[in-house]
Every structure is written in C-alpha cells, then in structure tokens.
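Shown next, in structure tokens, is the structure this report addresses.
The first chain written gets the first letter, and so on, giving A, B, C and D; residue counts start at 1 in each chain.
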Amino acid sequence: MNAPLIIFFVLAAMAILGAISLILQSHPIHSALSLIVVMVALAGLYLLMGAEFVAAVQIIVYGGAIMVLFVFVIMLLNAGVEERTNVSKLAGWAGLPLAIALMGFLAAAVARSTDRVQAAAQTGATAPTKALAGLLFQEFVYPFELTSFLILVAIIGAIVLAQREKEKIRP
Amino acid sequence: MPILNTLWIIPLLPLLGSAINGLLGSKWPNKIVNYVAVGSTGLSFLCALEAVREFSQLSPDRIPWVKQYFSWIAAGTLRAGFDLQIDQLTVVMLLVVTGVGWLIHIYSTGYMAHESGYYRFFSYLNLFMFFMLILILAANYVLLFVGWEGVGLCSYLLIGFYFLKKSAADAGKKAFIVNRIGDFGFMLGMFLLFKTFGTLDFVPMFAKAAPMPADAMGQYGTLTVACLLLFVGATGKSAQLPLYVWLPDAMEGPTPVSALIHAATMVTAGVYVVARSHVLFMHSPSAMLIVAIVGCATAIFAATIGLVQTDIKKVLAYSTVSQLGYMFLACGVGAFSAGIFHLMTHAFFKALLFLAAGSVIHAMGGEQDMLKMGGLSKKIKWTYMTMLTATLAIAGFPPLAGFFSKDSILLSAFQSENGGRILYAIGLLTALLTSFYMFRLVFLTFFGKERYDEHHVHVHESPKSMLVPLMILAVLSIVGGWLAAPAFWGGPDYFAKFLEPVFAQGGGAESSAAEAAARALEIPLAIVAVVTALLGFGIAFWLYIRQPGKPAELAKSMKGVYTTLFNKYYVDELYAAVVVKPLLWLSTKVLWQTVDVQIIDGAVNGIARGTTEAGDNVRHAQSGNTRSYAVWVVIGAIVIIAIIFFWPYAKPAAIGMVH
Amino acid sequence: MTDFLAQHAEILITLVKIALLLFIVLTVNAYLTWFERKVVAHMQSRWGPHRVGPHGLLQPLADGAKFLLKEDPTPAGVDKFTYFLAPLMALALALTSIAILPFGPDPIRLFGHDIYLGIVDLNIGILALFAITALSVYGVALAGWSSNSKYPLLGGLRSSAQMVSYELALTMSVVGVLLMAGSFSLRDIINAQAAHPERGILGWNIFPQILGFLCFFTAAIAETNRVPFDLPEAESELVAGFHTEYASFKFAMFFIAEYTSMITVSSLCAIMFFGGWLSPFPASWTFTHYLPSAILIPFGLWVIWDGIHYETIFGRVILPGLGTVLTVIGVVLVAFPFINEFIQGPFWLLGKILFFLFVYVWMRGTLPRFRYDQLMSFGWKLLLPVSLANVVITASVILLRAH
Amino acid sequence: MIPTHYYLILSAILFGLGVVAFIFRRNIITIFMSIELMLNAVNLAFVAFSQAWNRLDGQVFVLFVIVVAAAEAAVGLGIIILIQRNRQSLNVERVDLLKL
C-alpha cells in the first residue's frame, strides 16, 4: 500500500462518488458541481500518471470553460429541479440492468485484455510536454488544423443558434 | 479519291437533311424545307456520281473498295465496324437509289404541296434515303442489318403518314410486324453465319466460303440453312410469299412513298441481299431452287390477284410483288446479274408508273378507283404518255427497258437445269398476265367514257415539279435496257459484263459456254415473249375497248374465281384466323391478364403493401423519446462488445482492438 | 520523536511553510485594505482611516474583529450547500494559487534541509495557475446563483461570462513569454530573463513582450473583478453584485479571496514580465545590494521620529517600535552579508509586487467602470486579437533568430 | 506503480455511470453533462493506455477529444437555449415532436 496507490484510490473514490451524485442530484447545478468534482479527480489521476499537460488542460478547458458554460446556461435559463416524468417505459424497466450489463461487459473486456497491457513496459516518468507538442504539431498537424476548423464552425453555429430572429444579438 | 475515302458523306447528307427538317422544319415555310430535303439528296446523288467516276478508275485488284471508319461493336471475336464498301453491285444500287430517290423527292415537292406535316414527310423521306444508302454501302451484315431495320422503320413511319386514318395506322403496323418475322429469320441467318465463319464482313466471309464444297441438291448443310434464313428475311422485306401481305396495304401511304420505298428501292433490298450473298447461295442448289420456286410462285400469284383489282395503286402494288417474284426467280436460277438488271429497270418503270398514277390521283382529286375514271388521255396528256411508256416497258415491248431485263430472266430460267422449263412456262404466263392487267389499267383509266361527274371533279394536269421527273423516268425506262441490247446481234451484254467481277467469284452464272448457248436461244425466246405481251394487250383491248360490258359478264359467269381473286385468295383472312387470333388470345388472356396483372403487378403491389405494413409496425419504435433511444444505443453497444470480445471467432479483432 | 521528524521532515517543512505563507498573505491582505483606502483617500484628497491607531494602522484589525463578530444571517430560500460552498471555494482557490509562486532564487540550507522559497515548484506552474484561476469562476457564479436573489444572479452571470471571455486573452497573452522561456515553470521563466546578468533590467521580458504585458495585465484585472472591470459587484447597478446576500465572515472570505488574487496577479506580472526577483541593475554593480538597508534604515528612523509626536500611548509605543525593528533589520543586513545576499531576491520581488498593487489601487482611484457591451467587445475584439498577434510575432521572431 | 487495469476498470465504471445518468435523467442539460462524463471516462482510458504503452499518442487523442467536447458544448448549449425558448421546458420527454 504505497503512497501513489492511496492517492489513486482516494481520487477514484472522488470520481465515482461525483459520478453517482451526478446521477442522484435533482438540480442541474448540483449535477454540474459533481461533474466538476469528477473532472478534478480525473485531472489528479492524470497527474498521477505523469500526464501533466493533459491534467492542466483538463481543468482549464473542461473545468474552466465547458462547465462554466453549463453553469452559465443553467443560470441563464433558470433551470429548476427536474420533473420526474416516466413517458419512456423502456428506459424505466430496462435501463438500469442494461447499463449495468454494459458496465460489466466493459470491465470484463478490460480484465481480459489486461495481461497484454501489463506486458507493456511501464515507466512512471512524466510525459515531457515538449514531446507532446512535437507529436501534436508534426505527426498530428492535420487533425490539429481540422480541430481548429471545427471550432470555427462551432462558434458560428452557436452564434446562429443563440441569436433571436430579426433582432440583433443582445450584448 | 476525295469521295471514295470519305464514302460516309453520301449517307450523311440525307441524314443531315432529315435532322434539320425534323428538328427545325416545323416552323419553316415549305420552300426552305424543299431546299433542305431536295438539296441534301441531290448533293448525295452528285457525290454518288463522283464516287462512281472515281470507282471506274480503280484498278480491278482494289475492288471491292472497303473503307473502315470506326469500330462500332467489338464483343469477343465479333467486330462490327462502321465499314463502307463499294463494288459494281453497290454502284448500280447506289445510282438507282440516289437517282430515283432524288427524282421522287422533286416529285414530292409538288405532290405533297398541300399536305400538312410537310416537313415531317421530307424528314422521313431523307431518313429513308440515309438508311437505304447504309444498307447498300454496308461492308458487313451487321451494318447492312442496321440499314435494313432503318428502312423498315421509315417505311412504317411513311405508310402511317396519315396516322389519323385508322387504315393507314394499321397498315403501318402490319408492315412493321410482318417485316419483324422476316428480320427474325435474317438475324438467325446472321448468327449462323457468324458461328460458321467467325466474321460478318463480306470480303473475308466470301473468301472463306468460296472454296467450301457445295451442298448437294436436297442436302441441308449449314450454308443451305443460313441461305434459307437470309431468304426468309428477304421474303419479308421484298414481299414474297408468304410474307407479301403487307405491301398492298402499304399503299395507304402517300404515292411518292409507294413509288420510292414500295416499288423502286426498299422492296428490292431482299433481292440485293440475295445477290450480295450469292457466294453462299451458289453453295446450296436446294436453297437456290427454293428461291426460284418462291419467286416464280409469287410472280404468278400476285399477277392473278392484280387482274381484278380496281384500285389503281393496288394493281401497281401487286404488279410490284410479281415483278419482285421475277427478280427472285432470276436469282434462283443463278442469273444474279439478270435479277439486278431487272431490279434497275423495274425501279425506273415502276417508279414511273406509281408517280404517274399519283399524278392521275392528283388530277382526280384523290380518287383511286379506276372504275370511277376513264377518258383522261385527252385531259392529262403528259401523264398519259409517260404512263403509256411505263406500261409498254413493264409489259416487255421492245426496245423498252422491261423487254431486255425480262427477256434475260426468262432466258436464264429456260436454261437452268432442274425444272427450268416449268419455271420458264410460269414466267411466260406471268408476263402475259402482266401485260394484260397493265393495259387493263391504262384502258380503264385513260380511255372509254368518263365515269366520274364533271361537276365535282375538275381534272387538271400536274405541276412541272411532278411532270419533269415523270419525263426523266420515262426516258430512263426507254433507254434503261439498251445496255443489254448488243447481246442480240452478237455483241456483249454490257450490264452483265459490268457486274461479272462480282458474280464471277464463287462460280458465276454466265459462263462462256452458257453464253454461247444463250446466243442461240435468245432470238426465239425474245419473239415468244413479245408475242405473249401482244397477246395480253390484245385481250385487254378486246375486253375493255371493244365490249366494255364483257368483264362484268365474265365476273358473273365465273363468280368463284373472280371473288377469290378479288379477295386475294383470302390470304389475309387466313392469316388472321391462323396467326393473329391465337396471338391476340395469348397476349390478352395469358400474358396480359394472367402474367402481367396477376403475377408481376401482384408481386409489386405485394411488396409495396408488405413494406407499408412493416413500416406501420416498426414505427412504434420511433417513440420520439430520447431516453428510449438511449436504451437502444446501449443495447447496440453491448452487442458490439459481446461480438468483438466474447465471440470466439473474433479473437484477432479483439487483439486488434486492444493493441 | 526525532526520528519521526527525520522521517517526515519534508512534510513537516511544507506544513510550516504553508502556515507561514498563510499568515503573511492574510496580514498583507489586511494591510492591503488599509493601503488601498489610504491611497484612494489621498487621491480624493481625504484623510482615509486615521482613527484606529496611528495613521489608522489598526484599522484592519478592527475590521477583522467586526467581520468575525457580526451576525451572519442566511437569507430565505437559498440553496444551502452551494451558498456555503461558494465563499469557501473562492478563498481556497485564491490561496492555492499563491502556493505555486516562487519567492526566491535558490533554496537555503537550514537545519540540514535546503528549503525552497515557495510551497511547490511545478514544472507546469503557469498552467496550474491558470487552471486554478479558471476554477475560481465558480466561487462568484455559484454565490450569485445560490443566494436566490436578482442582483446576485445578475452579478454571477456577468462574472461567469466575463471571466470565460477574458481567460482566453489572459492565456494567450502569456504564450509569448512561454515561447521565450521554453518552459511552463515560473522559475525557468525568471532564469530565462536572467540569461544576461550584466544587462540587468534590459533582459526582462517587459521590453520584447510589452504587448503581451498590456494584454495580460488588463485581462488579469478583469479576472480579479477589479475596477474598471468590477461589473459583478458594481455598487451603483447591482447593490453589491454577487455577494449582496453575504454577510460577516462569508463576505470576508470573498474579500480576502479578491485581494489574494490581486497579490497573485501582481506577483505573476512581476515574475513573468519584470524578471521576478532579479535586480534591475547589472550584476556587476554589487553596491546595489545595500539598497534594502539604504531604504530600511532611514525609513525606520523616520517612523521613530514620527511616532514621538503622537499624544496617544498607542502611537508612542507602536510607531517607534516598528521603526526600531526596521532599522535593526537594515543594520543586520549590512552586518551579515550572506543574509543580505539571501534577502536580495525577495526584496526585489516584494518591491515589484507592491508596485503592481499600487497600480491596482491607482486605477481604482482614477478609472470609471466599463459598460457591459464595451467590456465584451473590448475583450473579444481588442485583447484577444492583439494577444494572438503577439503570439504570432514572437514565434516568428524566435524562428528567425533560430535560423 | 499502479496497474493499468485499475485505471481501465475505473474508466469503465465511470462510463457506465454516465450511461445510467443518460438514461435516467430527464433534464437535457444533465443528459448533456452525462455525455461529458462518458467522454471523460474515455479520456481516462486513453491516458492510461498511453502511459501503459509509454507512447504519447493517447494524450494527443485526449487533447482532440477535449477540443471536440468544447465545440460540442458550444453548439449543444445553443440548441438547449433554443429548446427552452421554443418549448418552455428542458424535459426531454416533453421534446418529442418526432414521435408518430
């Protein structure tokens, strides 16, 4: 039971609890907060795996931008406690077992394939951000540019969606 | 060799004319349409002349002159190219088709002047010229077949030119369908030939065929069968027994059409094909014999029918049929050059006859029944004179064209071994009948007292544009036969000489020995023929000028014969009963109401209904509820994972997933 | 006991450092309020606080007591959990960000352990900082939302939108510096500026990165919701913005958080653009090392002299005492060179931080508030493009240099 | 050193929880969050593998995933705002125009 393991279990517990509370909380804001907890915990796990840059980006983008957007929208729409309608019978009785089955399948698949994964060389060394940058801007440069284009499209789409018809966008 | 290298220009010009008239002509005044139509055909006539001039300068070893322009169909070993060929036979046909065709175009400008659909008529006519030229210039059976079908199409279009008239439309359909039967045989023949020789180009095929051993009489080898199949096609196109029935009805078309297509050019295509593939026919005496017999039978058969018809065009139609019979008779006895010779002369005088008849009809204001004419000779002198010339020509009076061609046919029939005498006799009888009904036509039409009422019909001579072609044709039908004239005083038969290189290969008919014999026989036979013609003239004169009442009495006295003849031996009825009725029953009851409606439509509708019901049932899954959709997605994911990781056969895939 | 110490010395030291830092930061915060009020007052030709203690020096203590003792009502219909969470989050994050800053060049050896000035030294320090600032939005936003009231909600909305917008410019404007340093670590950034010791001030990033600095400082002010970007707490429009419904110590938390982040930003400016603890003078000028004492001793003496004039016993006691302490420190520094050497870095760094804090206050004293649309268009249409341009220019220049 | 499959199993669990949330929440925004949760689980798996194989590709992919998630959030939230504006409800079970 060495230090990293303890940290791992703490963070994992954080993540799982956060996810569960995301399910259980009835108010969107609380769900959002629990999701933020999950994200922070995951960032911690990334740090534990030596992926510093990814960890930082995880918090900056997910925590600092995306989730803020969510909170913002929730506040903007003043979304209240969600109403528990039960129109979908299917989801009602088949949802949980199926989801658990999926979880089980995934876990089993992972467990099956772990031996092969374990065979791989494990180095706890922290991934140098420079190397990451090199990979990103040389080998994966075209996908990278594509993502930039994607973002542009997303911006335009968001603007078009959010503006009201025949009315200038409110500041 | 400007033209010989670009032979395609000759058929192309009429095609252009047709396209221009057909696409743009509807808005144009008749004048422009005339320029286009007549101009294009005239140009192609000039080109043909130029081609012939250049052809005459070719050294014999370069004949036949074949030009391959582009490869049209290439499938396996079959290569059907757009190849044009020209040799002596082609030259004759070329001149006849373009020349006569041009004249008839000119004639039509006058005859059709008051018809609606003027541009349409000329567009069709030019199209016909195009296909006819393709037919005669083709260097292989496939291209020839294109022309063959094309002319069939045009004939259909032109017979049904007055498509509002039911009889016309029906006649067009009839012609088309009957021709299909022939074409079926023709195609089978082509397939067989391809299977046998591995090619459909004339030159190599005949080169291969020539050395082959000829089938013995009565033996049915490949060549015999192929020849018979081709001949079936020929009977269809050239209106021989038993497929002649469409031609009389084809008279529903405008008269120039009858003249051009159903007298001068198209109907002779059968003869042309037989002559073109004479090499094959020479190899199967039995096929030859059958051709001869069929031709002979048709000749006498049609002639007898022609005796009693009262519609002026019908008479001419049956005479055409019988004359075609003559040509096949000639081919059958191996006198191909004679057959082609008669083809040419016949083209002249029969076209002339039709045009003249057209002129008469024009004068009578659309009346075609001879019994309602008479005494026109003074009113329409030029028409009368040209008509008379043509009649003399076809009846075989020397020194007109018909005399020589018919004479040479009878001669070769007489000479031919296996049953020559009988053929000769029947041919002679036919000649007698021919001269009789032709003069009957002339007398009924131009002599005697007027049997029409002056008040309604005011007879008038036709315009120049109609008369000039008549005269030209008249001259031609006088001098057309003189090429063969020298034979009588020991000179050579120039026409035969000219065609000799074509028909010489594969054992030509006119060997020198036969020629020597021919010399001896020529004069007496000629005398016999002339006597026959005179006899026919005499009978006609006696019956229709001396005692005009007589024919009616005769008709009464031998009623059975008369009615039989008048109803054309009930052949149409017979066909209707034997072929048409069962076909109709089959197609309506079985094919339409059972197969189509119940099986095919049933299947289609059933599928449609099934789809609809399936959709009705499935669409309940489309609940519009995101959560249900999510559940479905989850199920899909589970299945995929299960397959990838836990399906034994997908191991490698799983490894691929993990790595 | 001792072996326990021996074993967990690292942890122990860290804990001590944290405690120390907390104490310092909180005190500085407290006196920062005094400082701000004084400066603004003098700008507006007032006296500012001068009742509690000499020059109102005890005012912060009074304020603190007030915060602790005041009643703390919880408004009706608030979302309890979030309502309590928000101030905690704000404060915690603000203090955490301090922990990443380095305050001195190289570790000093004490008791056989070399102690690094600053809590942790991450080699993604700057990124970590941004991460924390990014999270600090929630404090404000949630406070605004949870207190179930119009003004706070508006304030929260404003601040979340504003922070998200300006974070982009903030991050972008730094990229130039990072490119020049080739590292995320603050320490490396400073060392990169020390590449040519004899150049002194000329080696700092401020000169090549002037654009970047302007963008960064502006965006940073916006991030800390200070004038002229203090719309979330715009007194004139929304009573007190997102913390309208907060009272006593929860309010204090927000307050401290704000000032702490001010400190963080100031130190970031100092570190990234003004050479952190580097002295502006060329390294060869060793005599400048006596500058601290040269300032401290006279200042201390002046404070004593000033204290004498007070009638109040407090003044008589406090000011002279303070003065003597300062003088003594100055003397000590002169006396023991190695301490002097060690103090150089912190001295300059604190000096710079103080300067930037002063700028903050100065702006508050002078500038009017932005309108909201102006704020947005300023952030998106001016700052972001300029900082991007700065990135491009820097990168291309570096490339040209390389070839 | 922590065995890789710990991370993998954790990510599997998180993913499953995301699915559960997706199925059982009615609020569109929450459902959207659960999607983000699933994405995060996948990211975790990516990083875990990249560490296990000692190659950085995995982390690059994570970056891409994050970018895409950001774009998705921008557009998706826009759509959510529209839905709220048009149907005055954020309950997915009330947004069912597509049903027969």
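Throughout what follows, contacts are C-beta pairs under 8 Å (C-beta built on N, C-alpha and C of every residue); 3 or more make two chains touch, one makes a residue touch a chain.
Remember, predicted model here, so these are calculated numbers, not experimental data.
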item	value
Chain pair showing more contacts of the two, A-B and A-D	A-D
By mean Cα position, the chain sitting nearest the middle	D
Chain centre separation in whole Å, for chain D relative to chain C (CA means)	37
Centre distance in Å when chain A and chain B are each reduced to the mean of their C-alpha atoms	85
Chain A and chain D, separation of their C-alpha mean positions in angstrom	6
Separation of chain B from chain C, taking each centre as the mean of its C-alpha atoms, in whole Å	109
Numbers and ranges of chain D residues touching at least 2 other chains	19, 23-24, 26, 93, 96
Contacts with two or more other chains, residues of chain C listed in rising order	none
Residue numbers of chain B (touch at least two other chains)	623, 625, 627, 630-631, 634
Pairwise chain contacts, counting only pairs that touch as defined	A-B, A-C, A-D, B-D
Interfacial residue positions of chain B with respect to chain A in the complex	623, 625, 627-628, 630-631, 634-635, 637-638, 641-642, 644-646, 654-655, 657-659
Touching residues (chain side chain A, partner chain D) in the complex	4-5, 8, 12, 15-16, 19-20, 22-23, 28, 31-32, 35, 38-39, 42, 45-46, 48-51, 53-54, 57-58, 61-62, 65-66, 69-70, 73-74, 76-77, 79, 82-88, 91, 95-96, 98-100, 102-103, 106-107, 110-111, 114, 117-118, 120-124, 127, 131-132, 135-136, 140, 143-144, 147, 150-151, 153-155, 157-158, 160-162, 164
Complex contacts: residues of chain C adjacent to chain A	79, 81-82, 85, 122-124, 127-128, 130-131, 133-135, 137-138, 141-142, 144-146, 153, 156-157, 160-161, 163-164, 167, 171, 184, 372-373, 376-377
Complex contact set, residues of chain A against chain B	87-88, 90-91, 94-95, 98-99, 101-102, 105-106, 108-109, 112-113, 116-117
Residues of chain B touching chain D in the complex	619-620, 622-627, 630-631, 634
